[in-house]
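Order of writing sets the labels: A, B, C and D. Residues in every chain begin at 1.
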Amino acid sequence: MSGSGVVQVAGEVVANRRVGAYHHLTIVAPGVAELARPGQFVALAVGGPTSANLLRRCFSLHKVKASGTYGGTLDVVVAAHGPGTQWLTGLSTHDAVDVVAPLGRPFPLPAEPVPCVLVGGGYGSAPLFWLAEALRERGCHVEMVLGAASEDRLFGVVEARRSADGVTVTTDDGSAGRRGWVSDVLGEVVDRTGAGVVYACGPMGMLRSVTEVAQAHGAVAQVAVEESMACGIGVCMTCVMPVRGTDGTTRMVRSCVEGPVFRGDLVRWDAIGGGITRVPEDAVGAPRPGGH
Amino acid sequence: MVDMSTTLAGATLPNPVMTASGCAANGKELHRFFPVSDLGAFVTKTVMRDPRSGRPTPRMAETSSGMLNSIGLQGPGIDAFCEQDLPWLAAQGARVLVSVAGNTAEEFGEVVQRLVASPAWPCVVGVEANISCPNVANRGLVFACDPVSSERVVQIVRTRVPEGVPVFAKLTPDVTDIVAIADAVLRAGADGLTMINTLLGIVIDTDLLRPQLAGVTGGLSGPAVRPVAVRAVWQVTAAMRAGTIPTAPVIGVGGVRTGADALELVAAGASAVQVGTATFNDPSAPRRVLTELEEHLARHGFTRFADAVGVAHERMAAL
Amino acid sequence: MVDMSTTLAGATLPNPVMTASGCAANGKELHRFFPVSDLGAFVTKTVMRDPRSGRPTPRMAETSSGMLNSIGLQGPGIDAFCEQDLPWLAAQGARVLVSVAGNTAEEFGEVVQRLVASPAWPCVVGVEANISCPNVANRGLVFACDPVSSERVVQIVRTRVPEGVPVFAKLTPDVTDIVAIADAVLRAGADGLTMINTLLGIVIDTDLLRPQLAGVTGGLSGPAVRPVAVRAVWQVTAAMRAGTIPTAPVIGVGGVRTGADALELVAAGASAVQVGTATFNDPSAPRRVLTELEEHLARHGFTRFADAVGVAHERMAAL
Amino acid sequence: MSGSGVVQVAGEVVANRRVGAYHHLTIVAPGVAELARPGQFVALAVGGPTSANLLRRCFSLHKVKASGTYGGTLDVVVAAHGPGTQWLTGLSTHDAVDVVAPLGRPFPLPAEPVPCVLVGGGYGSAPLFWLAEALRERGCHVEMVLGAASEDRLFGVVEARRSADGVTVTTDDGSAGRRGWVSDVLGEVVDRTGAGVVYACGPMGMLRSVTEVAQAHGAVAQVAVEESMACGIGVCMTCVMPVRGTDGTTRMVRSCVEGPVFRGDLVRWDAIGGGITRVPEDAVGAPRPGGH
C-alpha cells in the first residue's frame, strides 16, 4: 500500500557476479530505492514456485538505484550457505525473485558532522559504503575497518578506499591487511579519529566486541544484528533479542522491525552466546520460577 | 460475483478468510501490505493475562514445506492489548477474532473478563480459546489433549463472553481422537471449532548436533501439515453430519498458501479459513487467498460461498 | 573410516540404513539400482496372511514435500512371500527385517508362524510388527492407537518368533502420548521400536471437489513429516534415558531424504534409520543416504556410528 | 547397476521447443537409448534441489538417440498441466533434470509382418512414430490414427506422414481432419488394412473404445495406459490396475512394471470409470464383505 514505507514487487535479476567468496546480485525492484536508507534490508523469497523453502531470506541492502536502464534496482551481497542462498547465488540474468523491501530501521545518522568509524565483518561490510556516502554528505569524517577470516571473505576493500577517508583491513589468517580481528585495531582508529559513533555490521561476536571497544574509547556503537528471521516483517516473533529500552527495562524486541540496528550498549550481550539467546531474568514477562 | 459472506454461529462476516493467530501479530505490520479490514476477520496473536517474554532463541527452524516455532506465547498481556492493539484494529474497521489463553482454566476466564470490559470490544466478532497450550495445573499437559481440561476452559470462557458473540475452541491435531475432543468442547458450550494448531516437532541442528530450537520442541506448521488439517476438518464435520456430535461451524487452518488450498478446507467442511505460515512467505497471502478462493468458487459455478462448505462430503466417489 | 555397524537387540548389522516397509517392494525392483545387500537391512512390504488386492485407485496424492498413500496393504500373502520373495532376498545376501500385520492379533501370530517355518528364515534379522494398521476386532481402530491392543499383538508375535531374533513394534504418531504406547509394547516384550508410520491425512481434489484418494484418507509421509518423526524418537528415547520406560533400540523412519536427515534421527536417539518415500524421488536414496551419513559422521569426528546415537540428548544447549 | 535394463543419470536439457499445445524436450541421458524400446517411459525428477514436489513425473519416450553431439539423448513431449510439467516445460538449455529410464514394458512387436494401426490421442501419439519405424522395419504395413480435442493438441501429424503408410486425423471440434473421435474412424481403418494389431496410447476412455473397436473388427489391442504413478519403478503400488492374467484371473497389477502396455482385452474396463478404478470382486485378494 502506498505510504507504508515498504513494497512487495516481482523482482528480476539483472546481474549476478562472483566477488571473492560472495555473489553480488543486482535485482530490478521498482519502488525500493525511493524508500530505502542504509542499514535496511530486503527479504527475498527463494526456490521458485515449487520451493519447499517457505521462509524468506534477509540481506542487507548494499545499494539501491531509483532508476536506470531497467527501472529501480537494488544490490545485495550473498554468501552461499544453505539451500536458500545457494539458490539465490545460482540465479541467472532474467530469473525472477520476489522482493519485500525496505525492511527494518536504518542506521541513525548523527545530527552533527562527527567523525565515524564503520566496521564490517565479512559480507557485513555490504551496507557500509552507502552509509559512508550518506555520512560524508553530512560532513562526517569516515573511516572503515574491514575484517574477515581470509582475503576472499573480505568484501569491498577497493570500494572502501573510494567511500571512506581511511581504511584498515584485518584478516584472521593475515592473508590481507593486519592479522587479527577488527576489534584489535578499532580502539586505535576511534582514538585517532576522535570518532563519536561506530557503526558495525557482522557476526554477533564481533558486534559485541565492537560495542565494548567503542564504549571503552568513548564512542557510541550502532550495530546491525543478524538474528534468524522467519518473516522479516514483524509478524512472527522469531527474531527477538533482549534489548534495554530508554526506560532501562529489558524487553525481547523484534530485530526485524525494531532493529536490525540497535545501539550496542542497549543490547543484552550477557544473554547471548553459544548460539542461543536467553531471556534475561529481569526482562519484561520473563518466566518466573514455577512457570509464568 | 460470488457471495463470499459466511456466518459463524451468528457472526456474519463479509468473507471467510482470516489471519491465523500468531502469524500476523496484531495487524499493524500486515496493514502495510493490505487493509486488514479486507479480511473476513483478523485473528490476533494469542493474548494471556500477564506480559510474557516468550522463549529463548533460536525459536524457529525451517523444515521441508513448513517450519517449527517455539515462540512461547510472547505478548504484552491483556491490558496492553486492550489499550493499544484492539482500539487500533477497531479504528481500521477490522472484525476481530481475539485469541486468548491462560496457564490455568481460571486464567482464561480472567483474560476474557478484561477483554469484554475493553472499550474497543464492539469490534470483536468472536473469541478463540487457544486450548492447544500447556496447562500448568496439569503437569504442563496441553489442555486440548485432555477432554476434561478442554471442557473446563470452554465452560469458563463461554460464561464470560456475552451471548451472541461466538466462542471457538482451537484444537491440536496431536491427539488419538480429535472427534472426541471436538465433542467434549462443543458439549461444554463452544459455538465453533478452529482446527488445527501446530503439530509437535523437533529439528536437530546437524552441525551442532543438538535441537535447533532453544526450547527443544516446537510447533510444525505450513503446507507440510495441510493434509492433517484437511483430515481433522473432514473427520469432525463428518461426525457432525452423521449426528454423532453437535453441529457447529468449523474454521479451517493449516498449510493454506493458495486459494486452492483454502478450497480444500472449505470443501472438507470449513466455514472459514485462516492463513498462517504462508504469510511469512508472502505478506499479502491472506488477501491473495481471498481473491483466489473467490475465483475458484466462480469457476466451479458457485454463487454463494456457503454452498461450497462441506461439498466434498456429498461428492464422494461411488466405489 | 567410520565403523558403521549397529546392534539392534542382539542383531548386529553392518550399517544402520534400511528401506522402509512398503517403499521398496520386496527388493527386486531396487536391486536394479544398487545391491540390496549393501543396506544394513532390507525391510519388506508388510505381509498379511492372505493375498490382498489393496484399495481402489487413486491411491496416492502428492502433497507439499510429501505424499498421501492408501495402498491398503496390497500383497501376495505370507505363503507366496515365503516361497518367492524371502528366498530371493536370501539369495542376494540381504539381511531381512520382515514387516508383518494381521486383521486381528491372532492373525499376526499366524503370519509369524508361517514365516518362521520358511526355509529362507535364516536371512531374517528381525520381525517388524506393523501395528499401525486397523484392528478388525476393534471397530477398525488402529492397533497402535490403543495400548491394550498393541500389547496383545506384541505378546503373540514375541511368543512365535524364536529367541535371539528381535521383534520391533512399529508405532503410529497419531496418538496423544506415544511414550505410553512405547511403554506398553516394550513391557509386552517388544525388543525395539520403529517410529514412525504415516500420519492420517486427506487431500481434496479441487477440480472434482472430492477426496483425491478413492479410499478418502491416506497416510502422510515424506520430508514434510520428518520433524514429527524426530520428535517421536526424541520423546521415547528421552523417557528411556530418564528410566521411565524400558530401554530398547529405536529404528527411526519418517522423511529421510539425505544423510543429514538420517543424522537428525540418529542424534535424536535412533540406532538405525529407514528410508521410505525419498526412494520414489531417487531410487538410489537408501544407498546414497548410507554414504552421506557416513560422511557426516566422519566430518564430526565419530569413529563409530554407535557413538552418535542419541548424542543430541547430551549436547543440549545450556539455558 | 549394469545389466539391470534401467539407468539413473543426471540429464541435461539440450532443447525445449513449443509444438502446438506441447513442449518437445530433448535431454542428454547417456545409456538410455541402448536399452529403450518403443512404449517404455522415463521418470523425471522435477523442481530442482529445493523442490516440494517429491514424486517423479512419467513421460513416454518419444525417441532416443544412442549418440550425438552431446552423447545419448532422449525426447519427450510434455503437456503443461500441474506444477511438475510446468516446471519441465519452463526449463532452458543446459538446465539439469534427473532421469530414470527406460521403464516399463515396451509394445510387443508381432512375430509376423501383419498390418498394424497405431492410435494416438493428444500427446499419446508421442511414442508411436518410433514404434511405426520398428514395425515397418519388420515389414508391417502401418497406418496411424491421430486424434485430439483440437488441432493444437494433435502431436506429430507431419511426422506421421513420414512414419506411416497412411494417416487419419480426427479432432473433437473439427479444427483438423475429421470431426469426431479416433474410435469413430478406427473400425474402417482396421477393416481396410486388415490390421491384426491396434496399438494405442492416450486417455483411458479412448483406450477402452479402441479396445472395443479393435475387438469388434478382429484385431488385438495393445494399449499404453497412464495411471497416476508415485515411483514409476515398481516399489510403491500406487499405479495398479485390474488386469486379467493368462490364467483368466484378475489381479491388481502395477502398470509401471507390468505395463504401461497391456493387451486391451485383458484390462478390466468394467472396474474403471469416473476417475476411480475399483477392485473387481473377483480379483485376487479383493475385500470380502465384512472386511478381509
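Rule of thumb we're sticking to: contacts are C-beta pairs under 8 Å (C-beta built on N, C-alpha and C of every residue); 3 or more make two chains touch, one makes a residue touch a chain.
Since this is a predicted model, take the numbers as computed values, not measurements.
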Reaching chain C from chain A through chains that touch each other, fewest steps: 1
Which of A-B and B-D has more C-beta pairs touching across its chains: A-B
Chain C and chain D, separation of their C-alpha mean positions in angstrom: 35
Centroid spacing, where centroids are CA-atom means, of chain B and chain D in whole angstrom: 46
Separation of mean Cα positions, chain C and chain B [Å, integer]: 33
Residues of chain C whose C-beta touches two or more other chains: 56, 64-66, 208, 214, 222-223, 317, 319
For chain D, residues that touch 2 or more chains besides their own: 52-53, 275-276, 278
Chain contact topology (line, ring, star, complete or other): complete
Complex interface listing, chain A residues touching chain B: 1, 4-6, 8, 45, 52-56, 98, 100, 227-228, 230-231, 233-241, 251-252, 257, 275-279, 283-287, 291-292
Of chain C, residues touching chain D in the complex: 22-25, 28-35, 45, 48, 50-60, 62, 64-67, 69, 71, 74-75, 77, 103, 136, 140, 208, 214, 222-223, 277-284
Touching residues on chain A, where the partner in the complex is chain C: 52, 274-276, 278
Touching residues on chain D, where the partner in the complex is chain A: 46-53, 83-84, 86-87
Chain B to chain C touching residues, read off their complex: 56, 61, 63-66, 68, 145, 174-177, 199-204, 206, 208-211, 214, 216-218, 220, 222-228, 230-231, 234, 255, 260, 263-264, 267-268, 296, 300, 308, 311-312, 315-317, 319
